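Next come two complexes built around subunit A: one with subunit B, the other with subunit C.
Right after this comes the complex of A and B.
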């Protein structure tokens, strides 16, 4: 009797968990391969807490493993920063795992080096191809060939998260749409001893990913960056881009909008300034939004309900897309060309890649986090989500126009120089023109 | 008798085999490999098999690389700050702890040594919190005790090297204290007593007796200090990542950035060889200077 009771309870728990987590199960494809498949990624268990993309990725891996017990999936899971270093080192040693995550900016050089398998025909035959958002393939495409399945969730890299109540007190019913208005607000907030907008560029990459990538688009328009990627004439030294750098310098060094220590603290600090009320807004990426959402939900319901989202305000002399924000999938699942030597193993690797980016993943993140990935998940039932999650979903995918994330393209050798020089520029040691010239020199030498 | 317990040469070599092999594998092989690949172009997308020989190109670039030389001078700054800060303060503290008035010598030694057992990354994190402009201990002191205004310590390009030197100095004072303690313990106490009878004060005793008699140990400390600071990396990486801009870049940090963030392993190897050569030159040069400067004292 006890055993029967335990069985009934177990079955009930399984049913509850299945209904709660996986609306679309992983396809139980019949795979001939029986052996080991190595997978390297950065969705650590810590990362997956509160991060829908990582949680969905780990859950789908577990479900795929359960569906294919004859295949041993050997996972090497590192935190993102360590992952980037390790995967680049293993690429240099020609020792990549079977399946791994390819960063957009490495696509061209790794494809030229024969380090990633050409997946163009394979992706075209995917059973989920009709539901793919094909725009996400762009960073992983070179010379008409696709080298990866864009993975995780499409999240913005530049969102202004603000406290509606604080801005209402300052006289703004919604977040200002121009920097001129933000400057006016900064006089009010300065009087209160509060930073108007918190930002953290201590890691150097934040100013690029979370600010200039979008602000640059407002000055140059999308064609300029497309041309830069394609090496068809655009240059960092072009007037429009230098104007974007000049405006960035002005905003950070000549106004009272940002926290004084923006160049030494990180985005993690900046979001704490916002959470603690030391700043009325912060600029960061979707990962910052996820952290703030989780923290305020647990600790400060009033502030949680006052969370608002906005695009970067428009500079006075910018002429393009005032409602744009940079969004995309920065990584794609790539396959080591050596895997193709064993047709069965390749079929297993393809199946894994397809499932990790297919409906099993996208329905999970849509239903649990209101997030989208490569594959469309159909209509999302918003009734079970809190209004802040719905607002962020609409802001990310419906109400704004999109632009490219700069460092999903080109080369780390270029961005490393650019990011460091921008930090120097914002410390008053370089001019926008010098930053542009150095970046152009690195671009010519390395891309 | 001695011959009876002395092991055969073959046994000695057998015992040495594993540690020597490990040493060669972990020190000489990487060094020779770096030297080899420093003559190659080995960038992102190229593998160890497709990297190609480019002669002295990397070294020509290195000589003209202003960031590398800025990093080198930052290392020299660090070396000088740490020789004065680490060995100098350690020497003074050892003298105080060794005086007749000092109590709890073992406690000083033990607690002084503590920071050098902490990982450099943790030291970096601890001092990042101390230097933090909004919530840091230092700004709290400046504002509430000194009545000053908050500073963005690690954002000050002009003085950031001083600020990143402080944790390094703090960490290793105890390490050099332990070495100097043991060296001073080896000096015959009768010499100090004679000096005292002759009317020598503490400063004179330190300069004319203690320092010359532990000259060899000080030389070892200098070598360790220079070598340690020529390869400084971890705590600086944790505190500033070399910033603002390149203000707190040191050579190892630049080598790491070029090799692993810019994926330029060929040039990164050339930087590693540059660090090795310059470190040898600085260590050798400093030993030569110290030997010449203290020749009179020895006599």
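Right after this comes the complex of A and C.
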């Protein structure tokens, strides 16, 4: 399916060179429901500034509302952190809004609690089903049932952004594919007084989302994490995963690749190191790429044109997918089962969910931001984008293989323990084995 | 006697001269410490102000530098021109909620505190302890039950929704302070008033209440901060953006993977400006109240 998706995207890229189309409008479905529909999400006005997914989401909501003036869409919009607190409280009180955003890691428990509607058959009947990237449904699927329409844009969480000119000077025409070569390059960059790669783990989540989630896949392969999600035998203490932790520790504490303060600064600081030229590369997520892209475009055209993208280099003893990067959609549009008591209202909720994830949304984000979502964008005019944007689009959706984002699954209680322990490990306070044992204990206790 | 006085007079200038140098050195040292302490309090405000004159990129590149030459009011115009931010509305909501809550907290704290302090009845101490336990309950453990309660009563998401939890959670501290303060007022005052024919209510409102003014001001100050800054109940009980209070409205400036800190600081400066004006207008009274609270509380 991934190959098929890549093929579709490639064809789209070819087609757009000769044609240009306007964004697909919201389908004007005739809906019988004439009442209020409550929607809760976190695409605030601020969030949508420069964030294509949020902007597309808000735009599609406004268009859907305009197409259905008889339905009053009551929106409760909070910033992401506050959204998580409030939606958890409302879930505990069994008082969720009609339509809301379900986080992947809540799927199993909320499905078991009857808080989200089983959408398996409804999604299968969606008019856009043929264009869905069905891999995105995985975090929202449990026991063969799907509980949400994956929403917003699929952005990578682990990308190496590097300055091609700086690496060329160091003797590399492209970014090294092995850590051994990066270590060699670090000797050159150290001599220049700059960091080879900037990283920021001050928030603790970055090492998980932006590094181990991909590096772990290189050691364990995707089946291990699938087993961990399904609770079918895999454990954090498995040798392959401990090897990934050991390699992480070695790279960050025994080599001179990363900035010394990587465990205290955040990704926001790390990207400034790259922008200012104090680092020859940085590792971050698509949100960091968006910031660097905008900043360099405005301030440093030469460096902007030298922006390159690469996957994490492959460790010497890793055996899986050397071109993998973790990408996915962390949230899905879910529907409160109580809505199903009114067939007309349910039809309206389904229509809203389908439009917010359908061609109207995907064509908007593709044409305005070169981003992809659940539905293939179709014919998009990429010619208006700069080469860097197109390069990142290709890197994200076409040229690389994908793996899962760890913290889209399982439980925040497990990841809180894991993230804190990894930070301690990188401070020299814990061994990789201890981190794995503690994570496994939290996994057994909370999942 | 005169010899003794002479010795003393000889001693004093020497001693005075020696003490004078030490005295001034001490004074300077104390002043330096106080200046440093004051600067540490004032600098964050100053930093917020000049950071609000920077753009996100400038701030991220150097969080501490002063934007000489390239200061901009862009953040202010962005906030004031974007209706989505509804900061004015949130300030009005905060003023209304805080104002009404403070009046009710001060009033109920005074009445309940006085009764628990002066009137002996069987359930006096258990009742007092029950109120005090309100200070021991973590708010987060009450979020879900409070949400369910308010929803079932149809009282969530209204302009008056936050008044009840704010008053309920403000009362324990208020009652605790007033009860202790009233105990320090001689009961003979009330006895004299009774002999002169003053009714209970007249004694309460016209004699005791003015005497309690310092502690009531203290209660009001503490609770103004508490209500104005309260976040958890406002987050859970209010869904309508038009009813959001200031702390909730300020969360809009946080993104999922990054924040626009200069914009956030600009919003904070705008929303705190009325409170700062109020503080300077009533600073004498506030300081007196805080001192009274420090001594009696």
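In this text, the second predicted complex is superposed on the first by the 423 of 447 C-alpha atoms of A that agree within 3 Å, B and C clash if a C-alpha of one lies under 4 Å from a C-alpha of the other, contacts with A are read in each partner's own complex, and residues count from 1 in each chain.
Here is the rule we use: contacts are C-beta pairs under 8 Å (C-beta built on N, C-alpha and C of every residue); 3 or more make two chains touch, one makes a residue touch a chain.
Given the structure is predicted, the values throughout are model-derived calculations rather than measurements.
After superposition onto subunit A, the partners subunit B and subunit C occupy overlapping space and clash. In the superposition on chain A, A:85 contacts both subunit B and subunit C.
By the touch criterion defined above, A:295 reaches subunit C but does not reach subunit B. In the superposed pair of complexes, A:267 makes contact with subunit C only, with no contact to subunit B.
When the two complexes are overlaid on their common chain A, residue A:412 makes contact with subunit B while staying clear of subunit C. In the superposition on chain A, contact is made by A:76 with subunit C only, not with subunit B. Contacts of A:47 after superposition on the shared chain: subunit C is touched, whereas subunit B is not.
Of the two partner chains placed by superposition, subunit B and subunit C are both touched by A:93.
By the touch criterion defined above, A:285 reaches subunit C but does not reach subunit B. Shared-chain residue A:202: touches subunit B; no touch with subunit C. Among the listed stretches 1-9, 91-99, 181-189 or 199-207 of subunit C, only 199-207 clashes with subunit B once the two complexes are superposed.
On subunit A, the patch touched by subunit B and the patch touched by subunit C overlap at residues 85, 89, 92-93.
Those residues of subunit A that touch subunit C in the shared complex are 40, 42, 44-47, 49, 51, 75-82, 85-86, 89-90, 92-93, 95, 267-268, 272, 275-276, 285, 287-288, 291, 295, 298-299. The touching residues of subunit B, when paired with subunit A in their complex, are 42-50, 132-134, 150, 152-155, 157, 240-247, 257, 260-265. Across the complex, subunit B is touched by residues 85, 88-89, 91-94, 106, 108-113, 115, 202-204, 259-261, 263-265, 269, 273, 278, 411-413, 416-417, 420-421, 423-424, 426-427, 429-430, 446 of subunit A.
The part of subunit C that touches subunit A in the complex is made up of residues 57, 60-61, 82, 84-85, 143-144, 147-148, 151, 235-236, 239-241, 248, 251-258, 260, 263.
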